[in-house]
Amino acid sequence: MDGEARDPGYVDLGFARVDTDRLSRTGDPEVVYAAGKTPDEVVAVVGTLRAAAPHRPALVTRADPATVAAVRSRWPGAQVEATTVVVGELPPARGLVAVVTAGTSDAPVAAEAATTARVFGADVVRVVDVGVAGLHRVLDARPVLQDADIAIVVAGMEGALPSVVGGLVGTPVVAVPTSVGYGASFGGLSALLGMLNSCAAGVVVCNIDNGFGAGVFAARIARRMHAGAVEPR
Amino acid sequence: MDGEARDPGYVDLGFARVDTDRLSRTGDPEVVYAAGKTPDEVVAVVGTLRAAAPHRPALVTRADPATVAAVRSRWPGAQVEATTVVVGELPPARGLVAVVTAGTSDAPVAAEAATTARVFGADVVRVVDVGVAGLHRVLDARPVLQDADIAIVVAGMEGALPSVVGGLVGTPVVAVPTSVGYGASFGGLSALLGMLNSCAAGVVVCNIDNGFGAGVFAARIARRMHAGAVEPR
Amino acid sequence: MDGEARDPGYVDLGFARVDTDRLSRTGDPEVVYAAGKTPDEVVAVVGTLRAAAPHRPALVTRADPATVAAVRSRWPGAQVEATTVVVGELPPARGLVAVVTAGTSDAPVAAEAATTARVFGADVVRVVDVGVAGLHRVLDARPVLQDADIAIVVAGMEGALPSVVGGLVGTPVVAVPTSVGYGASFGGLSALLGMLNSCAAGVVVCNIDNGFGAGVFAARIARRMHAGAVEPR
Amino acid sequence: MDGEARDPGYVDLGFARVDTDRLSRTGDPEVVYAAGKTPDEVVAVVGTLRAAAPHRPALVTRADPATVAAVRSRWPGAQVEATTVVVGELPPARGLVAVVTAGTSDAPVAAEAATTARVFGADVVRVVDVGVAGLHRVLDARPVLQDADIAIVVAGMEGALPSVVGGLVGTPVVAVPTSVGYGASFGGLSALLGMLNSCAAGVVVCNIDNGFGAGVFAARIARRMHAGAVEPR
Amino acid sequence: MDGEARDPGYVDLGFARVDTDRLSRTGDPEVVYAAGKTPDEVVAVVGTLRAAAPHRPALVTRADPATVAAVRSRWPGAQVEATTVVVGELPPARGLVAVVTAGTSDAPVAAEAATTARVFGADVVRVVDVGVAGLHRVLDARPVLQDADIAIVVAGMEGALPSVVGGLVGTPVVAVPTSVGYGASFGGLSALLGMLNSCAAGVVVCNIDNGFGAGVFAARIARRMHAGAVEPR
Amino acid sequence: MDGEARDPGYVDLGFARVDTDRLSRTGDPEVVYAAGKTPDEVVAVVGTLRAAAPHRPALVTRADPATVAAVRSRWPGAQVEATTVVVGELPPARGLVAVVTAGTSDAPVAAEAATTARVFGADVVRVVDVGVAGLHRVLDARPVLQDADIAIVVAGMEGALPSVVGGLVGTPVVAVPTSVGYGASFGGLSALLGMLNSCAAGVVVCNIDNGFGAGVFAARIARRMHAGAVEPR
Amino acid sequence: MDGEARDPGYVDLGFARVDTDRLSRTGDPEVVYAAGKTPDEVVAVVGTLRAAAPHRPALVTRADPATVAAVRSRWPGAQVEATTVVVGELPPARGLVAVVTAGTSDAPVAAEAATTARVFGADVVRVVDVGVAGLHRVLDARPVLQDADIAIVVAGMEGALPSVVGGLVGTPVVAVPTSVGYGASFGGLSALLGMLNSCAAGVVVCNIDNGFGAGVFAARIARRMHAGAVEPR
Amino acid sequence: MDGEARDPGYVDLGFARVDTDRLSRTGDPEVVYAAGKTPDEVVAVVGTLRAAAPHRPALVTRADPATVAAVRSRWPGAQVEATTVVVGELPPARGLVAVVTAGTSDAPVAAEAATTARVFGADVVRVVDVGVAGLHRVLDARPVLQDADIAIVVAGMEGALPSVVGGLVGTPVVAVPTSVGYGASFGGLSALLGMLNSCAAGVVVCNIDNGFGAGVFAARIARRMHAGAVEPR
């Protein structure tokens, strides 16, 4: 066997080894986390990914304005929402992810989660501004929550909404703490600890402000629930 | 006036200066925090308080079994609940304090809060085990909560119940985090931070497991709301 | 009953569900927390609240200069103090809240507390700069403190003032730690922990810099103490 | 309809309100968290649950030896593993959950996760002792991991295993940090933070030592992936 | 000069190098911190110190009962208070150290401070139980505090007493936080942070429960203030 | 007695109560902590202090450039060093304070300490850049350290220098941690904890970057050591 | 090649996969971390390791007395020091590791480090009780430190000794913080942070109390420095 | 002996004591940590070092652009990479240090480590972007890692790469956590704790972002492994 000819599963750009093998391993597209990379580096990585997998979109997260501009200049059709950029065609959607926010300040993180879930192949429905200080709002959203395959619940401050949703419906809940708050919220620590200690069974948690991770996880779950090949065991 | 003859407002026991002046300053009886004191020291302090104010009860908190036994041996009529001991007659009750718990594990702290509120002159109603993972329970308790002058809400884990109660009714809420939980609850820190960051306006917070402080505060409020002398300003 | 005709208790603005039902639930006006919202979003929410409850003021907190300008441009009569804006007539005042500061650096948080308490229906008296390093100042303020229905005590650094006030008078104390200090104050954590561990019974605590929450709580208490409907139980 | 006759969805035992309505809401059985409850209280709660839902098992977690003995004395057929007790028949299993451990010290938490997942209706396969210090072990387990619907990965110390598993296969990963370690592991904090910051997309996290929560979540997911009623959307 | 004959300034016991040179360097006797040493090791170290400096006392701190017994068995005249043992004659006293406590629970740490200060050559006066919740007690102690050369102020909980003392008199204040408290006192952290952030200028701080360090420092200061050799510069 | 005629011990400026009584209580001048005050407020407070005590200097700390300019514009002879401004004549110096730094980055905090000590009436000698990574530097400084009445030791990073100085000479040591460092220095926390845990007896500690507090304390001590009125007790 | 016949590099005991391949990968023997394992499990793992590599010793760390007894009962020649047990012949020693302690309380961790280094193939020299409060002791040890290939420096409290050693000699320093101390040492956190922030370049750090890890690392380094095969590059 | 004539081992610049003796003590050149120093101070220190040791390079770390410009203006041949500047000839290289990064965002810290190692006399090979989420990349790098004398592994987020490398090869590993990440990475704390708790024996850790310290340590080790004078003991 010839080492030179073997596909190592990545492309070496010198400053980065782009993992072109991930799709076959995980069924997901590669994603570029733009924080800490220059706009040129991001464009180079996206270009490599597009060349390696032209039929799948590339997702850029945490892009600052300069990076957004650089990507859009290279791929004018790129779709931008908040700090997220999508280059290429969206895949068909299977399964349904509900993205729920406690307050309007949680919207950017929810946008990252929703965009990611869609890019990773699931349909998305949004439920906004249903924080626990006015319970009638979340109670009204119960049918939507029950209809989803999985719910991403985004909240800052005390992070109580995932517990309430998790007690209200049987839909699995992925909680995302946000850095919304001040003082003893300590940059989202309060919401994070609250969600980790949720009294509602079956609530799992992502890093603070990590809408991306929640979107990936939820889309994988939702897609698998509606995969044709899945049979009762 | 003679300095020697002047009442200094305390009795010097050598190892302690018992504050016999507190009643006139605050309207409350003195309380003995038993942790870190020997049973004999507790008995001595209670005896001094009883002699100085025979018509008001003395309250001992955080009493271990040896201290409970020592106090009961000296005052057989003392009333014991959890780690709290009351020596002397209860005062007449004015105003109503609701003491609410999220789970059964929060009961000891709630008992401390309820006993304290009663000793400090307020009536008490209890609402137990209405955690947010089953919202119908707390929704059912709404009339009781609305009827109270002030509510003490005791919860561990993520400490979400005060936010829900504070959003549900206009009754002022005093939140008490408990050390119930494990792992990332960090001995009650999670509940404490959650309550401090409550999205429901008008929730105030006590120290972890501090049922006593909540009871004192709530009783003072409830009594003042029903004081005959209080007139619309 | 017709679901479409039913008032859901909120107005859906797309990016927010404004809770128009809160007044009937809690007796308080809705408040707009401006941090994390654009000036246009704040103006839209205030407009909805004004339309739903034209006879009550709307309170905006944590408004940056752009938001203050946008609100004032729309409602020229709005009253601004520090980062707080009030749109509409102040309600009649019942009960008296004392707002006390340890040092001049604590003034902005105290301003938020005082404005909030007034908007929520209580009268306010201020006691400034009476930190514990010069006890004669707080001792002189004793009559004012005793006369109030409830005291909000605002302090940074070691947060000792609430303990001193709580030991000095029987007035219930709501403590607000501020982020004033440096080094091991850790953004207000030192004052927060000090207040949570106050040796004076009956001190309750709000989040760091949360003058708003303290104002809401204190006004609710003060109003209830002077409500005509309140009768000795 | 008569309010008195209405089923409130819980049974009031005085010291607890047992949530008998949870099954219809979430599809899961009620569970008794035994820490902080007396053996008699646990037996009473289990008895209530058994009477309300005789065809489903009741699960007791964090049972100390006295509680285990009390439950077994009342229900001799109860199955015990580690601190977990199951009373009643196991449900049929749908879907497959892989429970993976980094080291032998993580076994008790993994046992809680596996028992819970099985009681909540999923099949379980275990992969033990495949920590990252000897990568060949986890590489060998790749087929088992790929075959599962979802993987629970249990690890203490630096908590690196979920990242490695999450990068190796496309199976969704639920990470459970354990309190295994010493010094700067700070009771599992190190593993918790490591998992929250996993560089592998789609890793979600539970509280430290919370095998139960992971088991509930994973079983819900696995069951839904193999529900007959689920159709491609 | 011969390296072998030279006095290295310590005696090598194999398991320890006892610093016999410290007296000439610092003017203080050596002290044995007994925690983590066996009773036999403590006795051996004390014996070495007694032999090297028979005219000065040796001080053992943090001695558990077994160590106390072992030391007393070897030196029957040893004086024991709390966990502190003194072997040998006390030195003459120069200067005056006031040791002040906030509450009776702070007594053991205050005892360590007072014993240490006396052994290190200063006279000691104690002021007990003058916590800030009853200001009249500390106000009454003002003459004693002013008369001292330096004050050690010992307090747990919020640690407010040093600020009050430091604002009341010009006597330099050494603050000692104690681990007295519960919940958010976090083992004395709350008092430590409070003291470090004291608003009273000129308050310095020791480690939590470190009565020994405060005693050493205060005695050095007090002795120097009354040294015959000290002349106005 | 006439309340109006009595000197309350402070001047009420509306936004501040300037403590004009402090000198008689503590022997020290009032100091203005400029952080969080406007330049105009600082000038107003300094003016009040100058009028109340024209023969003593006023010290402004933590002054930003605008405040420095405002003070200098009003009092052209003001002396500025780092963020510290002195208005008025320096007092005669009694006693000697050594101010020691571990590295050049610690210089600003040392400057604050030295200026403060001088303004508060002590003479100052500086020893710079004698960090423990090159022990010969601090060993060479031994005579200067021994000659001082008290030493202020300023260090960031691991904060080891106070332990070394405290073991080297008998001079009392006041340690000041600085926020110099990065990563796990956590803004000076590392140095603070190191100093609190010093293995050298008799090291006391100030808040992070609190050169002012160290200067006040050290000057009080040094002055008292050389007061003519002090007699051997 | 046959997958069944292939040596997977580990032996599957059911509850553990013993890594028998480690020697060829790393040149080190396998080690059994006994905490969290039963004595029987430890004996089983050691037996497997002995069978797989009879010519190399097996090292058990953190063994409690029951485990020590079980191992010794099975292998009477096992060598025990502190909580460490060695079964089998020691390897020949190459290179020299100095193990240095600040105080006698650090001895157990130093013993773990020294035993481990010896078992992993290096010679060991010990330097005890040379804490920085008496610098002459560590200055005297300079020749021994310079002669070693690498030094392990073990210290609790403020953890200053590695900085001093690292500044004194060019020998590479591995620092091990210990949990020796109290109060603000926070179980070794203070020493850990101090060492991580060492001002002496080239100091690396292990986990709190991790004498084992330091011993492994140091022995690998020392052996490599004296390997015959190593040539100047 | 004449104090003036004796070389004290440092040059006193007034604001700094430059340690010119370090080379003879440690075999390393002095380094200038530029953070907190003005450009002029850095140039002065470098000039002193160049004059004292013209045949060895001087290394400036953490230089901001102004400092870089000032140094380059004075020494046009200075080599700049990231925030590091080298003035003077590089020494001959002995031994080989591998510098490994988990992701592209870790590059600046790796650059600091690599430059430092080279300046301190070792050869360097770089392995980039081999994070554990795509294990095939690090598995491919195994030969390079095995060939090195010591490996510096730089990673942010969960910091898992050192454990994987440490389990893969016998090369000693120095781990450097970076502040790359967000939310619960807490500025690198997550990676730091992960590395300190590594399950792979023989991983030692540096401060967050401390590429410099890792480079110094690794170069010392690598040089010693290839020193002609080193003989098997």
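Should a chain be cited, it is by its letter among A, B, C, D, E, F, G and H, assigned in written order, with residues numbered from 1 in that chain.
Everything that follows uses one rule, which is that a contact is a pair of C-beta atoms (placed from the backbone, for glycine too) under 8 Å apart; a residue touches a chain by one contact, two chains touch by 3 or more.
Just so we're on the same page, UniProt names per chain: A, B, C, D, E, F, G, H = PurE domain-containing protein.
All values derive from a computational prediction rather than experimental measurement.
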### Query
Chains shared as neighbours by chain A and chain G?
D, H
### Task
Kindly list the shared contact partners of chain C and chain G, in label order.
E, F
### Query
Which chain has its C-alpha centre farthest away from the C-alpha centre of chain B?
H
## Note on the structure
Chain centres computed over CA atoms; the one at greatest distance from chain D is chain F
## Note on the structure
Expressed in whole Å, how far the mean CA point of chain A lies from that of chain E is 57
### Query
How many angstrom between the C-alpha centroids of chain G and chain F?
45
#### Entry: Rounded Å distance between chain A and chain H, as computed from the means of their C-alpha atoms
37
### Task
Going through chain C residue by residue, note those that touch at least 2 other chains and give them in order.
133-134, 167-168, 183-185, 189, 192, 196-198, 201, 207-208
### Message
Judged by the touch rule stated earlier, which pairs of chains are there in contact?
### Response
A-B, A-C, A-D, A-H, B-C, B-D, B-E, C-E, C-F, D-G, D-H, E-F, E-G, F-G, F-H, G-H
### Query
Which residues of chain C touch chain B in their complex?
25-28, 31, 93-96, 123, 149-150, 167-170, 172, 174, 192, 196-198, 201-208, 212-214, 216-217, 220-221, 224-228, 230-233
#### Entry: Residues of chain E that touch chain G when the two form their complex
8-10, 14-17, 19, 21-22, 33, 35-37, 41, 62, 177, 179, 187-189, 192, 207-210
## Note on the structure
In the complex, the residues of chain A that touch chain B are 102-103, 131-135, 139, 157-160, 163-164, 166-168, 181, 183-186, 189-191, 193-201
#### Entry: Sites on chain A touched by chain C in the complex
104-105, 107, 128-130, 133-134, 136-137, 140, 180, 182-185
